[in-house]
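Chain nomenclature is as follows: A, B, C and D, assigned in order of appearance, with residue numbering initiated at 1 for each chain independently.
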Amino acid sequence: MQLTYTAEQNNFRAEVRAWLKKNTPKKPLVSYDTREGFEQHREWECKLYDARLSMVIWPEHLGGRGCDLIEWLIFEEEYYAAGAPMRVNQNGQLLLGPTLMEFGTEEQKRRFLPRIASSEDMWAQGWSEPNAGSDMAAIRSRAVRDGDDFVINGQKTWSTRAIFADWIFGLFRSDPESKRHHGLSYLLVPLDTPGVTIRPIKALNGKEAFAEVFFDDVRVPAAENLVGEEGKGWQVAMATAGFERGLLLRSPARFQQTAKRLIELYKANPEVAERDPGLRDAVIEGWMGAQAYAQAAYHTVGLVNKGAKIGAEASINKVVWSELDLKLHETAMRILGARGELRGSAREAVDGGSWLEGFLFAQAGPIYAGTNEIQRNIVAERMLGLPRA
Amino acid sequence: MDFTFNEDQLAFREAISRFLAAELPPEVLRKNWETEDGCSRELHRKMVEQGLTGLSVPEAQGGLEMDDTAWVLLTPLLGYYAIADSVVDTAYTATGLLSALPEGDHRREELLTGIAGGDVGVAVAHQVNPLVVDMDLADVVLVEFEGEIHALNQEAVSYECNTSIDSSRRLGRISVQPAPESRLLENGRDIWAETLNRGAVGVAGQALGLAQRMLDMSVEYASQRQQFGKPVGSFQAVKHHLADVAEKIEFAKPVLYRAAHALANNERGSDLYSSHAKLACCEAAWLAARHGIQVYGAMGYTWEADLQIFMKRAWALDSYWGDRAFHKSRVAEAVLADDALIGPQHTFEE
Amino acid sequence: MQLTYTAEQNNFRAEVRAWLKKNTPKKPLVSYDTREGFEQHREWECKLYDARLSMVIWPEHLGGRGCDLIEWLIFEEEYYAAGAPMRVNQNGQLLLGPTLMEFGTEEQKRRFLPRIASSEDMWAQGWSEPNAGSDMAAIRSRAVRDGDDFVINGQKTWSTRAIFADWIFGLFRSDPESKRHHGLSYLLVPLDTPGVTIRPIKALNGKEAFAEVFFDDVRVPAAENLVGEEGKGWQVAMATAGFERGLLLRSPARFQQTAKRLIELYKANPEVAERDPGLRDAVIEGWMGAQAYAQAAYHTVGLVNKGAKIGAEASINKVVWSELDLKLHETAMRILGARGELRGSAREAVDGGSWLEGFLFAQAGPIYAGTNEIQRNIVAERMLGLPRA
Amino acid sequence: MDFTFNEDQLAFREAISRFLAAELPPEVLRKNWETEDGCSRELHRKMVEQGLTGLSVPEAQGGLEMDDTAWVLLTPLLGYYAIADSVVDTAYTATGLLSALPEGDHRREELLTGIAGGDVGVAVAHQVNPLVVDMDLADVVLVEFEGEIHALNQEAVSYECNTSIDSSRRLGRISVQPAPESRLLENGRDIWAETLNRGAVGVAGQALGLAQRMLDMSVEYASQRQQFGKPVGSFQAVKHHLADVAEKIEFAKPVLYRAAHALANNERGSDLYSSHAKLACCEAAWLAARHGIQVYGAMGYTWEADLQIFMKRAWALDSYWGDRAFHKSRVAEAVLADDALIGPQHTFEE
């Protein structure tokens, strides 16, 4: 156990801190769930990329910086502490990226990864279908092999920002006789291909945060756009689902920053604290939860660095960060009282309505990337070994 | 000792319930919620015809002169159908305030008659609410000024509008200059105190109705939505989420009823009981929202699922007429007092 | 809605209060989970019976007083407020009694009910078996008809205080071919019948609070000892299970008194309140919970008086009172801190260790009379109409 | 930056784990727990042979001179096997205190040598604990007196014994008359402060082990016990109860490790980290007890199911070396301070 950073790590932190201090937009960007904000965020991502700070853990030849996971944690700490913009291309960078590194051909890696790192290509995900949500294996969209191509028909849904994105990745049933997890293929589809129709879905906050994507005889070349083996898409996707729930998707720094802001909010409202003395516990529990999550991340990174694999722990992580995020924002709403309902556009909104936005977004946490009910089943069955139903 | 409602009260609730169900199918309800004034003119007219606005207006002013115990059966229905705040604020809270004024005042009688007839909308500016709801829909606003009660015409009040997560609520920061002409009563402190309790009980009732609506919607969704080859409502975790909501609702109800009775009879426990009711009902609504969206899954996070309307009202009403901090403090003050009447012999005051 | 008591009700309250003031033992009785305490409690029950205060809602000719449910609530309020002894014969008085009133023959009522009211007969219950706990229909103990008798073989368990009691009631499989809920009979068995063996089970608190009861060719006369129809025991028992979970078993006064004591404990320990400001909320939530439960009881009684039937609401009641009781005692433990672990025999124990005893007993609340998991299933399926698994 | 244990530390844990598993099958563990001194003489001798008592005794006094980060792997094992408090109090907490005294003091060295050799049991009377645990098993008790550190022989201390719900703990109210001869150090405030943290971290580790034991037992029971024709562990509600316990344990572990590192290195965050660890680990144990008994059903409420041993230790240890109120106050004081190092850049102090 050696809990000091190396000189290199400290230098890296200093560099990132200085760069962010200089470059982080002074005025918050417009929400990336709008066309305008989306492009603002793409610009920001390009800027990060130019400084080789977009995907610090990716190898240099693929647009990254070759950092290790400790440096990644440091980067994230500085990034959230600086209040830098939300990352708009997480689907590409955190879900598809690692999948391509593991399953992609050399050609696919060269072609896609640098453009993901730079966000020249923005990616939407195509997991869910109207009847395949928690039950992802119920996928019906078909991809029929026709010569060198796949011809895709069907529908995906809950594709985050697909209305603005350039590409979509997802699972399609390539063996029409197959059932459940079998006979699926993992395909990459440009969203401007003929036959693709995108219908936006408005989220709770009224913005077009996701979309339905319809495929009508959409043709993509197999050699270039199939990831992994034909019919083995489930295995490819599951690796990605592991990443998603795992370490990278929700770095601890995010919640530590929220906890810090919550403490500031609490201290700025002493008259509420006096009327509601139990708030103190909620606030310190928020800090303890975020701190524990961060320490757990360092511990896990240490184990991974020694060769360990992340298993069902990823499911615990998902439950913990999503419920922590809810708790932090619920506590903020409790402090704000009657001011909590004010939207960002309201003149008297506190912090530009960011607590309310965060509160709304936190509602989705226990649902997406596999509901917490499913995650708890996984923990119980795979980690504890309890019998299946 | 009979802690139930009589047949007339229940029949009236039943009638209003049928009326609202017919008038407010989900698509109409949503349309109202998304429009500027949160309640169509036509619907308002029909509510007036049903006697809703005159429910507690004195008979002398053309109303039904019913008390808080009748209202407490109706506010849950108004919550269930997400009727905008201005209805309860006018017909229950403001009417209660006006009715409590000394009889004979011509402005009192004019306003009450106007309310019963559906011609006058009244907003209430009580200091417990930093912002006034739906000033833009009101003809008159009742304002506290150093314990006095003033009534000002809307035009006489300047306000700045803030938007709420609940689209049916527009929140105004008002600035007024009360004058002797606008004064209804010089010493209005007791009435203001009672009005706060009435406002809280009105919100509590709506919150209870919101909770019931979200529960009903969640049960229906969970019974139809299939995953892993069966309805999601057949999974034990989903069942327990919704059973917990049902529990909160069932045990908030009598607390709400108790508060209404205390209000109607000016009992000394009114502050305590109305705060308890506000906390219990809003807790039920908060949980119904959380478990509702969880049961709905991604669909619950969308604008198109009606669930959002009820969730957002639940979140907004949680702090209307006193936030949790306020009401918990009042409960603490009452039950921790040295002369508090607590314990099994004091379920009902003696 | 009429929330004042009638003159008769007030008189009744005054009478009960005066009697209890005069007669409630000054020194707490020894625990009824010991032989000595059991007999002390029996004596107390006799005294109550002599004053016609043992079973106030039973008709006079059966040893009661013919009170209505409002008067029963008043009685309970006074009883708990007086700190009178725990009722030792609840199995007989609250579970078997109502069953006999509904299903018993006239002869059975005359024979058993007055002796239950007076606690001359103390009753144990025989529901559970080693493999039939939550799943009560899995009963295996057999009662074979032999002429005018049933001959019983098998085993019951978790029979509260059976080691001290006089009789046991329970379900036995009288049709050997039957399955699950069918073919069961509801029988009454004197515990001194030859062939009955009782092995005590020690509870968490170290006392012999319950027992296993073994039946080895135990012979009881059918005409006298069968309740309801042969083979219809499930229906008879279910009525009793409804009573058990319902209104009578856990009267609100019990929790109101605990909440009151908790408030006193809280006020007596201001230095803890200062270090742990969140305690205030836990304490007032305890009061609010108990108060809501009491108000709900009055509301339900009012509805029952108008002819309503208690259905799945009984299951909600069970969940509410058991979790309220836990919460009240957990809060007390939080206030007591390091003093919480002290047993009643410890010199420095607060309130004679009663909070710790209550805390231990509260652990059983979410388990007995049907686990809270089962109760929530019932609420979801029967009250909300959610589909069965 | 490496927040993991090295191979030596893990190997040592593994060895002790195997040792305890072999020596303490459930029936032996229960026998110990029910006997007067909570730990058989023979087991104690074997623990000495394993080096447990000398683990952090300086090498000069015959120990292994390992620090808190080594101990934090072992205290969960001691919790897992419900080893009586006197072991941790003597070999970890008291040893830490004695080791921190200036070298050369002959009583310090005598006591440390005695601890390493297993001949001396030491109780610690710190003012955070109103009562002293297992005075009757100790040869010596370390006592605070106006910031001084005193060591008194057991015979010199009169005490009255209180019984705990945890049969392995006997709690003494002591009265002592410290004298110049019994004084080990005049200004011992810093050492007492550090001892409090060490006591808390020692309890936290045991609580974590208790939680793990109860979880393992519950999983085993739920996998075997059948109801409605299948194992109760196949019901989703039971699964989620136990998944929640696993979650608490997994996220308490790194907090515990962090606290141990801070203690070993005298970091300025030691108060905060040890309080956080105490709260997190005790919360895991508390939940493991509650869900454990729930999963066990009636069986969990019996004296004969071993679960009770671990539940009762969990309940008792919850307030040992500082109750929740104490530790939450310390956390609040630290993170709400104006110069608090909080936020993402301060996961580890800089």
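As a working rule, a residue touches a chain if its C-beta (ideal position, glycine included) is under 8 Å from a C-beta of that chain, and two chains touch if they have at least 3 such contacts.
For clarity, every value in this text was computed on a predicted model and none was experimentally measured.
**Q** If you average the CA coordinates per chain, which chain's centre is most distant from that of chain A?
**A** Between chain A and every other chain, the largest centroid distance is to C.
**Q** Using the touch rule from the top, work out which pair, A-B or B-C, shares more C-beta pairs.
**A** Of A-B and B-C, more C-beta pairs in contact link B-C.
**Q** Centre to centre, by mean C-alpha position, how many angstrom separate chain A and chain D?
**A** The mean C-alpha positions of chain A and chain D differ by 39 Å.
**Q** Measuring from the mean C-alpha position of chain B to the mean C-alpha position of chain D, what distance in angstrom results?
**A** The separation of the two C-alpha centroids amounts to 52 Å.
**Q** Residues of chain D touching 2+ other chains?
**A** Only 235-238, 240, 328 qualify.
**Q** Mind pulling the chain C residues that touch 2 or more other chains?
**A** Within chain C, residues 278, 280-281, 373, 376 contact more than one other chain.
**Q** Residue numbers of chain C touching chain B in their complex, please.
**A** Interface residues on the chain C side: 1-6, 9, 70, 73, 76-78, 80-81, 252-254, 256-257, 259-260, 263, 266-267, 280-281, 283-284, 287-288, 291-296, 298-299, 301-303, 305-306, 313, 316, 319-320, 373, 376-377, 379-381, 383-389.
**Q** Would you pull the chain D residues touching chain C in the complex into a rising list?
**A** My answer: residues 129-131, 160, 162-166, 169, 171, 173, 226-229, 232, 235, 237-238, 290, 293-294, 297-298, 300-304, 308, 311, 315-316, 318-320, 323-326, 328-329.
**Q** Which bits of chain A are touching chain C when the two form their complex?
**A** Chain A reaches chain C through residues 277-278, 280-282.
**Q** Quick check on the complex: what are the chain C residues that touch chain D?
**A** 128, 131, 133-135, 138, 157-158, 201-204, 206, 272, 275-276, 278-279, 333-334, 336-343, 345-349, 356, 359-360, 363-364, 366-368, 371-373, 376
**Q** Residues of chain B touching chain C in their complex?
**A** So the residues of chain B in touch with chain C come to 1-6, 69, 215, 219, 222-223, 230-231, 233-236, 238-240, 242-244, 246-247, 250-255, 257-258, 261, 265, 276, 279-280, 328, 331-332, 335-336, 340, 342-345, 347-348.
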